[in-house]
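What follows is a group of structures, each given as structure tokens.
Shared chain: subunit A. Partners: subunit B in the first complex, subunit C in the second.
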Partner chain A sequence: MNAWANIPIAEHLFLFSPMIALTATMLAVVATPLIAGRSTRAVAGVASIGIVVAFILAIRVARAVAQGGVSGFSPQPAAGMLLVDNLSAGFQVVLIVFLAAVTYLWWIGSAARERNAPEFFILLLGSALGMALMTSSANLLMIVIAIETASLPSYAIVGFDKRDRLGAEASLKYMIFGAVCAAIMLYGASLLYGLVGSLAVTDVAQYAVLQLADGDNLLLTSAALLCFLCGIAFKISAVPFHFWCPDAFEGAKIEVTTWLSVVSKAAGLILLTRIVLIFSSAVDSPLAISIVQPLAWTIAIMAAITCTYGNFAAYQQTSVKRLLAYSSIAHAGYMLMAAAVFIHPAATGHSAGLSAMLVYVVIYLFMNLGAFGVTALVSWDAGTDSIDAFTGLARRAPWLAVPMIICLMSLVGMPPLAGFLGKWWILIALGNLDTTLGWFLVITAVFNTLFSLYYYVRIVVQMSLRDDGRPQPSVSFGGLALVNICAVALLALFIFAQPLKSAADRFSTKLNPLSATLDHPRTALLPPADR
Partner chain B sequence: MTITLSHYLFVSAILFASGLFTMMTKRNAIGILIGVELVLNSAGVNVVAFDRYLGPGRLDGQLTALFVIVLAAAEAALAVGICINVYKNLSTVDVDTAARLQG
Partner chain C sequence: MQNILSWTVFLPAIGAVLCLVAPKRHARTIAFVATLATLILSLTLFPTFWNGSEPEGAKAVFGSNYGMLHHVERATWIEMPGKLTIDYFLGIDGLGFPLFILTTLISFLACWASWNFDHWTINKGPRAYFFLFLLLETGMLGVFVSLDFFLFYIFWEVMLLPMYFLIGVWGGPRKEYAAIKFFLFTLAGSVLMLVALVAMYFYSGTAIADAGGSVPSAYRVAEKTVLTHGTFDLIELATNPVIQEYFARATTLFLGLKFAPLMFIFLFIGFAIKLPSVPVHTWLPDAHVEAPTPISMILAGVLLKMGGYGFLRLCYPIFPTGGEVWAFSLAVIAVVSILYGALCAMAQSDFKKLVAYSSVSHMGYVLLGIAVMTQAGFQGAMFQMIAHGISSPMCFFLVGVIYDRAHHREINRFGGLWLTMPKYGTMATIGFFASLGLPGLCGFIGEVWVLLGTFHAGKTFPWAYPMAILAAAGVILTAGYILWLIRRVYLGRERHEYAEYPDASARETFILVPMAVLCIALGILPMQTVFNYTNGTLDLMLSHVQKATQVHQTAIDDHRDGEPPGEPRLGSSASQNRGLVRTP
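The block that comes next holds the complex of A and B.
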């Protein structure tokens, strides 16, 4: 009774209003066919209104949180399951913008042939809700539920077209792999609950750091943590949890691939970031700092392998969609490198690595949206996403070829494009560590960038230097506008990068209200007799 | 004989091990899903047992167990739907024969 008295319900509901708006939109999309029949136009209209409302609310929440006018949930230990801070509020805005872009891509590409628009939007909005929850969770159970909320609709949406054999196969592989990872993750969470006696990530972090220093339960704690991290690595598709990624991305419709390739990975990365931040704020004694070194190396090696694997596997792909899927694995590797920076004990603050990663996520969003957008437009016209469909595109459709070249060169990291800055700031953050780990990652990233040049340039060569006299593609104006906006954004973000960078800096310093609650050390609750 | 925490953990460890074994050896999608269910249930047994033995008045674990049940049900419903869809398209739910996507 008293515990509820000092929780301002209305204020907290406001913090979650974008998620509530997404949920309400899902319900409205279900209800629309009852009123307006199964009209694709009506459903898309209702969904668009919902997305716009959610966007406005997300902007208001982000602004309120950035100004510090509202607090997160952290002061009340009992209510520490969800929290809203700069990181999650900012990601929500990005997520909803991307949701709108994917909806638009669907509208120009698939809407005319779509008979199941309500179901499509329920699944799309459901996975968006799950991703928003992923970035706001600070509790093991909540993390599991959020990941499942994001994953379950994704499995279904990959195999959305019932007559498509590739889609069916892709969704089967995605679902099997996801179910296995989720089960192992939940088992890890149950063990952690038994060891720590609490599901809050802060308590788990505190306990784990104590155990890593000198604990009797070191082995069990590490095993449980590793099991738990399986589920997050699955979302990021870090090697060795990447097997689903190329198959699911190739089998799905291309707007779904666009959706999954960016925000699903970004949400996983933000979730990992939050866990890493909570862990590193639990480490304050000099004794424990030496313990974090292995953790940083684990992430660093995972990042290096992920990035190298993605680039090598992309080498010989003939399907552009699949090539971009492997490229997205490689880019997840670059972003994981930034995560290795801010857990590293030599890092002075979290800010350098974290702000580099946030900038990279935003830039990556535009690059991938542009590249997938052009691929979508070309493959809708040619009926295939093989690289042959791009032959002579520079002559046939310069308004498609030029943005594609810009996006691909930005994915390589060439100046004067935003992708260069994204990589540059990650490299600077790594170099500033001035440790073996930092330089190891710098060398890996530079070699990978050089290597990735080959397969991106292959598409450019196919578009500009080869020609087999194909006819001009017929492409809608809206699609052209979308990809060209992305290309212009990449140029503009390079020239006017400072606001983005300083916003990311601000976000990464005013972060993590949870660190304030870490002043009550816990001991192992598992009684000695039962170990 | 009194039942201690270890007994429950032993049962759940056996469930987890058989689930993991099933997931790794079965080639049939339904078989793999049965393995997943076993692992999920072992997690459920774990959290309820921890709740009971860690001290009175705990609810976290029991709530978690409820959510585990809901998750397992949702996942099974979706998984069976996807399997039926795959069976209609490929006439099999064997994960090795569903290998058109490669490279």
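The block that comes next holds the complex of A and C.
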């Protein structure tokens, strides 16, 4: 078969239809002002229709992939360039649901004042497309492109309001930090390509394991790998690549903050997971155990530090947005713990860790959406997101305060709320290892729960224990509905825990064969001269 | 009645939801009805225990290691096939039963004590108050009947948030500090419990895998249940010989340390914080002083008992060797709690703080009785929990009654209250003498049993004699501060500033009378009121602990009123079995 003359067939087009729908929506958003003028309503309407279509397609793809009705991966010549499996299909559904929620939040909050709706949606949809791509690739080049597709619109959207000094500063910080990380990552990727002669992560993994075993290019390989992982750690905002996170979150509009807080990290985590899975399946020999262990410990320690740092840094914050930014660093740490499970050779079934991570992402989505939603509603009313704006909220607006308390307690991980189950499955995955590493992370995680309690409770205290007689806030019904649905979902996901867990189990198994085995020959990916 | 435990546990929760939707002024009525209905429902459990907790024919179920479970409800809640099963598993035995009744009773009385909510200093949000109150009751009841560790942990945590708000919103001047302190301390304990929860699950799984991957259940014999992976089932963890043997093995390590003693300590810290014992007791005086009266009643009456219950349900049956290793340290902590608590109580000038520190001292006896692992010790600890669960809410309510009138709690500013308020003074004398441990009242039996048990332990643990002597000295200190308190507050010349105070109202009297009656009843009829319901289960559990640890092999028979433990007693009536009894 001629590798360079592959024409996509209908099945493949179907598999990538959610991404195609997102791209088409972007184009439609560009085109709309040409027809309907710069009407915010028209643009947002077109974007919303596009998102709904993408959602329907994503559901259909996820179902088709889960049932095994399709081959499950992309055409052979492009193998690893773009792939579809349970993991990426499942994530796309979550991504688009969240996209819809953020659009809704924008609609109720900023739409009335927005004058640049087309640009906003192009950037938002563009970063969504990038995140979808991030989870659907096992190729170094494609990963770099995906991360850039996700990042570049994010930089712009953080500083979207050009008259806002704070936003501009945040955007600049974000961009400079991101550009440096991207440069390091590209450097790592080019070194790896030079060493391996292939861009497929599977080949890189095989090569790296061989190198690590007999140590010819050991230092260079490790350095290149580390450089490459920098870019991913930047997306996850793992310590020490977290510096952009609080500033960007504080400076951006709150819809944007909400958007960046969940899916951007989740996409990075899933990308990391995929790479780690490929690596750990490349390591089968007993010899290799000694090689992988340091890598597992690296991720574990990074996770532990990220988690602990995020929690302690949140203590002093007076801006709720910034506080939630640090909290999101901490939660990235919890999720990163699940990634340490995969690479550890003791993990017989990787699916426990992956499924725990997926459950966590879904639950985290609800609790963060709820917490940011309340913060948005309060700050739109009060004009500030300082913690003082929350004073006496329990009396002034119980329908805002109660969901906020539920979301915050869920972020702490208190039963009977879903946030506890998110942590619980991670603990189970870690305990399943039954190694020092696993128990070390278990203990770190539970103590971090304790540390985190204090700063979340500060908001609760401000809302329910203090009162300075402020007037009632005027809040739209739509906003109340959103946050209360999140709160109810957190309760429901705890009591009816089974369906979510079963779904996550399903989506974390039967991953793309590319990442599961390595016994296929090197694909005809590149011209012979490059091999 | 089918599913009586579920109904009892969740009835308050239903009431809580009703409170939220009801008009403001009716919230208290709904809460009153809900707690009363819960109390009545829980009293229907009595016939089950009429003939003792291990009635003839239903005795010695699980290989004679654990008590008979009644009203068992079991349903799978979360399942990962072949890997993990979390059950909704409720059941009640002689250990949970008296505490269950105590909870419903004290909750009802505390709810009634909240009846004058509208007259409190902070009387905002009655709906929220009664909602949280009822939610708290559900959490407390759930703890005493859940037999799946995961479920236990959930109920344990469910209590935290309502309690936090009840102290934090409706409390005294330093309520914010007291509430967060309570929250942080308790959560600190429960995170260690969470580690133990995960570790016990996987270690039991390893034990089963080592034994060939499938082990028959130790007690679900009739159903021919086979364990293929780890379990959260507290009964299974305590009785299955494969799991027990693996847990106790010296080569079973957790992060390089011996498994059983370490897990014992992880669990112990969580429960000791709740108990509370020195040095993790400091949340208690703050929480008690700042909490409104009914919440203090709940705190003292029920929440503290969860610590003792946790020892008896989790620590000792599952890790008996841990108990043996730590016996001396725990006894030291217990004696320090007794003496230090009593000395602190003596130094207080705040009425409520004095009662709070007396709780530290009294709960020290519970820990001491359990720590020495003798029959009288276990029984005495259990009795002391019940006795304290009645006398101390009564004391807190007595403080609340006078605080409602005087709006201060300075002991030295009171005097001659008995003359002003004769009914109240009489009740107060009963309550405080019960707390003192006067023979004939409830406090006496528990303390004496614990002291006897500690002396008995001396045969194995030589250090137990001095411990017993020191603990006995605590009784003198208790007498000291309580008599001094009564003299300063109730006796002496009538003071003119209090002369106008009305005596206890009808409502206040009706709340005090049941507790006063129980104080006397427990003191005079300890067998009929407590021991008959608890001792069967406790003795079986203790015999299991002693068998596993080889301590006190001979000391156990001293106070026995039945057959020796460990001998399976056969013959059964099918109606009582509910499929749990191994058919002879």
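Some observations on this one:
Rule of thumb we're sticking to: the second predicted complex is superposed on the first by the 500 of 531 C-alpha atoms of A that agree within 3 Å, B and C clash if a C-alpha of one lies under 4 Å from a C-alpha of the other, contacts with A are read in each partner's own complex, and residues count from 1 in each chain.
Assume contacts are C-beta pairs under 8 Å (C-beta built on N, C-alpha and C of every residue); 3 or more make two chains touch, one makes a residue touch a chain.
Just so you know, these numbers come straight off a predicted model, no measurement behind them.
In the superposition on chain A, contact of A:Arg165 is made with subunit B only, not with subunit C. When the two complexes are overlaid on their common chain A, residue A:Leu493 makes contact with neither subunit B nor subunit C. One of subunit B and subunit C touches more residues of subunit A, and that partner is B. Of the two partner chains, subunit B is the only one touched by A:Gly197; subunit C is not. By the touch criterion stated above, A:Leu123 is placed in contact with neither subunit B nor subunit C. When the two structures are aligned on the shared chain, A:Met414 is found in touch with subunit C, with no touch to subunit B. Once the two complexes are overlaid on the shared chain, A:Asp505 sits against subunit C while remaining clear of subunit B. Of the two partner chains placed by the overlay, only subunit B lies in contact with A:Leu141; subunit C stays clear of it.
By the touch criterion stated above, A:Ile176 is placed in contact with subunit B alone, subunit C being left untouched. Judged by the document's definition of touching, no subunit A residue lies at the interface with subunit B and also at the interface with subunit C.
Listing the residues of subunit C that touch subunit A in their complex gives 77-80, 83-84, 124-125, 128, 153-154, 157-158, 160-161, 164-165, 168-169, 175-176, 179-180, 183-184, 187-188, 191-192, 194-195, 198-199, 201-202, 206, 254-255.
Residues of subunit A touching subunit C in their complex: 352, 394-395, 409, 414-416, 420, 427-428, 430-432, 434, 436, 439-440, 442-443, 446-447, 449-450, 453-454, 457, 461, 464-465, 497-498, 501, 505.
For subunit B in complex with subunit A, the touching residues are 4-6, 9, 12, 16, 19-20, 23, 29, 32-33, 35-36, 39-40, 42-44, 46-47, 49-50, 53-55, 60-61, 63-64, 67-68, 71, 74-75, 78-79, 81-83, 85-86, 88-90, 93, 95, 98-101, 103.
Subunit A meets subunit B in the complex at residues 141, 144-145, 148, 152, 155-156, 159, 162-166, 168-173, 175-176, 179-180, 182-184, 186-187, 189-191, 193-194, 197-199, 246-247, 250-251, 316-319, 322, 525-527, 529-530.
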